[in-house]
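Every chain is named by a letter (A, B, C and D) in the order it is written, and numbering of its residues begins at 1.
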């Protein structure tokens, strides 16, 4: 019963919450509590999915499919598979974390903030559960708006500029994505992902390969900007440095990477195959580039931005190896990074709340003052640098090992990132926590991690450990979905090369 | 001797072009307005010529309506021109360029 | 014996100790912290001892699969533990020495802030180290491998407010990561070629394919060597270990002498099946080991910080173990690992006792004359010095001699050279150890003027005093072990039974026997003892008989002296060649030029050019009605012209 | 035709004419300082009646009246409703923004009604003469409305520019009609198509088509006839801009659709490329010009040029889908643009209270309602999904792409990407922390008419964005009456080369 409408429920509970928030009076912490309640409710609902997921089944589950608009043929089609399953749960999990992280920082205009925050939740969940590409595109674009407005409203000092930059960077390629979508629709007569996939795999001959190639590229660029893949990352550090924590947590990574996996690999396997060498090179460059710049960053937010580029490039790398292991690793790494990266951003945020600066150079010796915080930083840092038995390792290892199997030299180069990430992360920890307390730290008495922050972070930290040691629980769902994809790509190569050969 | 239709058409085209050129050259708003009238009348000539050619009165009826409309336009136009003159004390069209870019 | 040994308990009990102390230790009284930490170490020790007692009744190798860790596609890794002879020895060393050092720490760290934190970290280290040695596959071993690095990082940086400690911790971790990079690549290669990371499966496959020689196995082996050089502080990655002495002394003893740094040796021995197929890799290890041994020993000659001397000595001794592995004398390597664990732990703990006695002073130049003041420490230290210098019948003699002998008889063409360098290094070892001995314990105290202490946090009084019994007991036990520990490997040439070699032979294979036989072995032993004596004699001459001599000598060969004193400027070299360029490139080329210039600037350039076009478009809006009419007319003309001329062009755009 | 009284075919126009005349007559009777609001409410009521009458016309069988000059069908009803809706919202906004005792306010209400009459006649007229007259009625009314602020320097300037250039362009339009008449001998739109096939002088018709395009291109402010737009918008009062940036354009587009698809489908190979270029240039010019614009009204003027371009894209599709898309787009653009000018009108009044983008800085903080509405309309103008603006663009480009217009689609969507910059600038500005709040202090409290207007526009934009099905069906019905059997059937396969 619930299974039939669970996805809609999950998607729109935040919207309903947002509407209620808009109507609530601005009194006390009422809006915060209500939003927390809604986000916890959403999270609880997302837990229904893994509980009732049919493991081992291929295809989509919890499907809902109703006609929405008859002409063009658009359906309200929702469904998840092993890839989106955990991403939906992840969004649910990060929700309460984000609310708690914003609890004190967002003091004014809470109504606007939480309204847009909840809208953003809907948009993100919508992206993951939509199986109609039109619907998907709707949520995809929708996710830009709350983000941009919140960055503008709550930016540090250059918020408006960062908001515009972010929007332009993501909106421009999305326009091309729309061209691609409509073009596909013109050919296939459907926006349904599954039908389009079938159509493309069965009628590959009837569509000019050249055109299909451009369409796949339009898709890829739109998604790559959102990841962001080097060198399309120009927006990330500005957005990270301006956005409120709750927004920076969710802005990068999952939407773009999920979309690449779902659409580029799902619809355009042979084109993905063609573009793979370039993407692998960019991913490896991204890993090293992000790490090297993070090494010399003084601003915590920009630091984490470049570290994010590095980490997400691992995912890109894993995708374009087209191995089951690598794709598993990618999705897993995605979960890990979103979790640990979010935790790190929150940690930076709560340090900022206390000392009022993101400049690492002004810190020093915090460990003796705030030992609990130091511990949380340490564990999160270790998770991010991929220490075994914490979550980061599993994903990275799977990605790198599968890359190495296919492209030994790129794999080896990417593995260098492991060294660099340790270098910059430890450098950050050292600057902030070790040494004699700096002037800033010594002159200001601040509380250690308080209960509210603990509620936001401790579950995340525990999850880091659990994800690190109990990966099969997650991967069994992921594996079912990605193995089909990997075979799809492998199969596509064969057909594509033969058609090319015939053409010549 | 019947004057060929083309003569009328060419004449009206020339008149129309003169109207256009006058619009571009003249500086006094009243003159510009007159040049518009010239263009409209060039069109009227065309209508009449075609009406004659097709033996259709509708073309001539059209002319009447155009004349009526031109009259209405003239009324409104002169009112606007007066408003312009009140705010600027000039009818030089080149001075009516407060809003630009 | 029951069917299950519950090996998983061995690492997990210390982990539980870590969790308890780590989460709650801040609020615990010290005694409770101590109890938890010691029990968490004692239980594994007892369990290991129990296993050791029943060892003969076990069917080996014994494996225990606890749970699946990762399974994706065709890749699979388990939480699986294995027990064999090699593991047992390592377990005994780790739990035994580990437990002793825990006890010692109770005394040594008694006054420190963050007592609970220290023990939590120590337990964490035990967890990872035991995981490392118990692991049945490469991946789980890597867990321990990285984990001990983490524990080491935390413990080196234990004194949070000390910048040098933080730097050293970071350096240790990062340099180790370079090694881990090798380990990772080795694992990737293993996966690519074997499809598994399980030791038994990999080794079985290798065994089934005698035709596999060199090739990818060499590649795997070389990457493993890179890993090992990181963890075991060999050239070129040894640089972190001397700096790691910033940590509390028990840490140096446990992690940076007895256990963690030997992980590289353990790993090579564990995977010797692969190395056996690659003479090149073996030679590489041997050369690295020998070079490191010599190199570190020469630096050790002139160091003045007591712990740094010991650190370089550790690097040097690890070089010996590598040499043993390089000549495929794995059991000899493990033998030396064992004895080294005893005497080097003892050396560090004794040095700790000295430092403790001097309230934190580590500079040997201001020591001296401590023999009478701290006699027990003096005697235990003496045992250790004799052991490491290779005097019979102390432990070091047998193991080091075994290695040199194996090098000498090695079929490897380099064997003799390696032997000679090893021998020379033995002399150097003897010299610098006795130098330490003399400087610390003999002569007059040079401490009066200068030991107005820099504050190392040892808030004792100023009087020199012997340590408490909680510290001395481990010293005594280790001293006994340093004395007799070598007797488990007395070679047959000297009337022993080489028990350890026989014990390990199911794992490592039988040791080499030379054609020349026992007389040769005895002769070589005599030579090395002689060399050790010469070293002692020179030290005696320079630091006891004629204390002015070292300074004269140093001024005579000033270049060489300063080269050694500055550790061959290797740190500076790495800094100038690797670190500085990397940072410079990152800061100026990547961040400054590329990210700001190309990425941000490119975006801005596009933005500005669009705005420029916009300005151009706006130029049309002159505000002048006549110009507007002109545009209209022009547009109309264009439109009419296009209509008239026709439109071949537009088709291009459809 | 026999059953339906002829006057029913022009019922909405009649109602609005009567109301307008009544207002004109009533105004002199009011005292000099008396509030003009009742006149406004009268106009609102009249518009509501006209709206109802338009809907009611849907019940009538499609047919013509008055000697085949007026035709009511789904197409005309669609545009009638659209125009009535715009006028309704504009009247409400004017009621909110204008000084209630301004002496000539009644005129404004009346002229609004008259212009609506003209525009409605344009959409239902199937005789070029009637179309011309409708065009003139609406134009002359709007010329005057643009100069509503006759005491300021900008008002008359706006008015004269619009008037002179408008008349100039009208002459071209008229000339075009004359030439079509010359080629076919008729000015009845449905008859032209048939007679054109037998015409001896199709060249005349071709040039006539181009001339018509020039005249209507001016009305919809398509490049290269866009020059007047920014200046006129800047000088006109905001509510009037809301009206004249939407309704006359919609009407002109309706006329263009009728003429091109009903009268001149045979010449499509001639006018289609023209429109291609006009569309591409309009989009590009409009968006680029807006990039640097600081004055919000001028910015929206450039934006309206761009939107005209988007709409013209639909024309190139040569399919009923394209017509439906154009109609839909006209509607969605109208709702969001009227909505956004409602916000401007309230914030800036009839005059120049808040003119620059940075003047709006912090609006959302000062008035969350206005800020939220502004943001919503801007988002729709950008073309974010779940708003009318998105579906409008979507249908337009889907239709174009269906007909193989790949490049035009790409140009268009890239343009919509560029466009988001200037919309976003305003959006972000209104959500940035305020600096000079004295400007914002002048904003009066929100009144009921404004709320009502915002409600209409927001709701319509949302409906168009979330459940566009019904509206689209209506637009499609209209499109089918225009080209019942796809009189222009583009050869899709051929054009895909």
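Throughout what follows, contacts are C-beta pairs under 8 Å (C-beta built on N, C-alpha and C of every residue); 3 or more make two chains touch, one makes a residue touch a chain.
Small disclaimer: the values here were computed from a predicted structure and weren't measured.
The most centrally placed chain, judged by C-alpha centroids, is A.
Between A-D and B-D, more C-beta contact pairs are found at B-D.
Separation between the centroids of subunit A and subunit B, computed from CA atoms only, is 64 Å. Note: centroid distance subunit A to subunit D, computed from Cα atoms, is 42 Å. Each chain gets a centre from the mean of its Cα atoms; for subunit B and subunit D, those two points are 26 Å apart.
A separation of 96 Å divides the Cα centre of subunit B from that of subunit C. Multi-chain contact residues of subunit D, defined as those touching 2 or more other chains: 160-161, 164, 168, 230-231, 406, 418, 421. Subunit B has residues 20, 23, 32, 93, 96, 98-101 in contact with two or more other chains. Across the assembly, subunit C contributes 607, 618, 621, 623, 625, 629 as residues in contact with two or more other chains. Pairs of chains meeting the touch criterion are A-C, A-D, B-C, B-D, C-D.
By the touch criterion stated above, subunit C contacts subunit A in their complex at residues 22, 26, 68-75, 79, 139, 142-143, 146-147, 150, 153, 157, 160-163, 165-167, 169-170, 173-174, 177-178, 180-181, 184-185, 187-189, 191-192, 582-583, 585-587, 590-591, 595, 598-600, 602-603, 607. The touching residues of subunit A, when paired with subunit D in their complex, are 68-72, 109, 111-112, 137-142, 144-145, 148-149, 152-153, 159-160, 163-164, 167-168, 171-176, 178-179, 182-183, 185-186.
Every residue of subunit D that touches subunit B in the complex is listed here, in rising order: 129, 132-133, 136, 140, 143-144, 147, 150-161, 163-164, 167-168, 171, 174-175, 177-179, 181-182, 185-187, 230-231, 234-235, 298. Residues 9, 16, 19-20, 23, 29, 32-33, 36, 39-40, 42-43, 46-47, 49-51, 53-54, 56, 58-59, 61-62, 65-66, 69, 72-73, 76-77, 79-81, 83-84, 86-88, 93, 96, 98-101 of subunit B are the ones that touch subunit D when the two sit in their complex.
Contact residues of subunit C toward subunit B in the complex are 618-619, 621-626, 629-630, 633.
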